[in-house]
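Chain nomenclature is as follows: A, B, C and D, assigned in order of appearance, with residue numbering initiated at 1 for each chain independently.
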């Protein structure tokens, strides 16, 4: 039964690491998209002036 | 691999990966019989070996893209090499963590200085150094060139490291999954099947992550470009 | 070809002339290597462990550690006053600059090693003299490996902000085969085995040397460019 | 080498050269042509890309786009023959402090593949007037003497094109006068010279042509005879000021 714990630990780690990486990717993609939108808007505004 | 193409591909690739992982998980936990001598813990193998494969594959891609970068000097290849190195280090870390968790109940110790373990550890160190080099250098053509050189130098070292650690410690028991006879020799067909499904799922995951990472880098480039335009437009 | 050799020799001559005047590289490398050996002697009690078992490892650790210091210093010298730029303005091929630095680094490390060996013999009570010839060969090809890769990486690291730390971080993992092979061969030699019994190790390290000199020739252009 | 667009009598021919470092554009399309034997001074504030231009022309850096020929050789090829034709003097002396002037010059002469390195080295040292201290380590020299030695280093292979990148920076007035005399002597030998500086008085002293480079572009270029000094000075400050404020 002890061995089940090892299997569990390995699984937790593998999935934890993968999801953490995906989460980080998603978050930075979101912030970048927001930055991009804001930048485009400010460029648009200054062009209209 | 341009922008629109990626957006079209993404849902397809995403669903394919999800389906492959569902199949892999089913195969690993329900379909495959428990290994007689090692017990349930042997199921770690279905994550361990695919991770190792992806790590190695990713580092090979770094090597290829580094050569292509030095040859063509196109930013594209630098992005690919960098994304692949990051994902490779992620999966290499998975190998290094799942390995000891598997070894503890079977071999009785967390770590043995077995050839395969040792070379994986060194590989991990090489590519962590590669990523550190990228962090410590300002973005620009110099960073890309230096990283490419390290990407090439690092990959060429792999076979030499392999032989050196193999001759260094020949007396340890060979892990049975991959023997000299080739992948899966001495394994039940159902096990080979589950391993193959898992390998497919991990490979798809690699491409999915690559796509995301490359997109992020291109977004950064786009922002830089717009900032630059903004700077010079007056 | 003649001109190429002349440029390589000029570089080596320049490095040696500076070193003979300042003795800065040699003294720092030698003292550092001696200190490494001393620290290891304190950490491994020689009355308990066999000097022939731990000796070769400690010797090579000392070589590799102080080698990295020397490599770092030797390119810092070129960065002072923008000398590297001056070198790049000369018509010399970039590979000539690489070979010049490679040879002078090799000379510095070898000289340091010849001075460390007697120290090693005394501290560890190991008799190297009967095996000196084969040992010299082993040390030479090992050091050549360290310098071949080290010269490439230190030329790269010299342009970074964190150059002192980046060189060892990049260099040591890649040098693992050379270290393993050299330590193995040195201990086999100390155990009285002939050189022919370690032909696979010799071949492996020779491969390492050749591969990295080749890679450096092909990539040095991309490093020595702004 | 057989590019029809390059006039045969031009020493430096630059066309649409751009160079960017990440976000920063150091050069944004620089074009000009300099005939053999001419002396061009490029004025510009810090960050105008003057150093980058010289680095590209001396094959140390690669242009992102555009073409440039120096002494008839394409800089993109980075040819060794091109580097034999040029000498560069910048604020970095490129000298080894632990070596004597003589040793430094012998070294550079050998790197250039000259026939008699020691002979040529002592000849050049005499030319720049450092014979008395030929065998002292360069580390002990003053800034002005080092600059003279740097000139000797740059001309040891008798180049036909000279690049001077802010040569007056960090020099005391006396050393600057000596430097000016040396530079004037170098120019009469029918050498092409390209100097960058932000010092108007020094820059106008001996050039044939003047140019103003601002934010990676040549904003103005003319023969020095067509330029009224006071008006040029006013024009320079106004242009630079205007550009920098935005």
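As a working rule, contacts are C-beta pairs under 8 Å (C-beta built on N, C-alpha and C of every residue); 3 or more make two chains touch, one makes a residue touch a chain.
Nothing here was measured: the structure is a model prediction, and the numbers come from that model.
Chemist: Look at the interfaces B-D and A-B and say which one is made up of more C-beta pairs in contact.
Modeler: A-B
Chemist: Please work out the Cα centroid separation of chain B and chain D, and write it as a whole number of Å.
Modeler: 49
Chemist: Averaged over CA atoms, how far is the centre of chain A from the centre of chain B? Could you give it in whole Å?
Modeler: 19
Chemist: Please tell me the distance, in whole Å, between the geometric centres of chain B and chain C computed from their C-alpha atoms.
Modeler: Result: the chain centres lie 32 Å from each other.
Chemist: Between chain C and chain D, what distance separates the C-alpha centroids? Give it in angstrom.
Modeler: 38
Chemist: Multi-chain contacts only, two chains or more: what residues does chain C have there?
Modeler: Residue numbers touching two or more other chains: 225-226.
Chemist: Return the residues of chain D touching two or more other chains; collapse runs of consecutive numbers into ranges.
Modeler: As it turns out, chain D has no residue touching two or more other chains.
Chemist: Please set out, as single numbers or ranges, the residues of chain A touching at least two other chains.
Modeler: Residues of chain A touching two or more partner chains: there are none.
Chemist: Let me make sure I understand the interfaces: which chain pairs count as touching?
Modeler: Pairs of chains that touch one another: A-B, B-C, B-D, C-D.
Chemist: What part of chain A is in contact with chain B in the complex they form?
Modeler: 2-4, 6-7, 9-11, 13-14, 17-18, 21-22, 25-26, 28-29, 32-33, 35-36, 39-40, 42-43, 46-47
Chemist: Considering only the defined contacts, which chain B positions touch chain C in the complex?
Modeler: Contacts found on chain B: 70, 122, 125-126, 129, 132-133, 136-137, 142, 145-146, 148-150, 152-154, 156-157, 160-161, 163-165, 167-168.
Chemist: State the interface residues of chain C toward chain D in the complex, per the touch definition above.
Modeler: So the residues of chain C touching chain D come out as 3, 6-7, 9-11, 13-14, 17-18, 21-22, 77, 80-83, 85-93, 225-226.
Chemist: Per the contact definition, I'd like the list of chain D residues that touch chain B in the complex.
Modeler: For chain D paired with chain B, touching residues are 21-23, 25, 28, 246.
Chemist: For chain B, which residues are in contact with chain D within the complex?
Modeler: For chain B paired with chain D, touching residues are 138-141, 224, 227-228, 232, 234.
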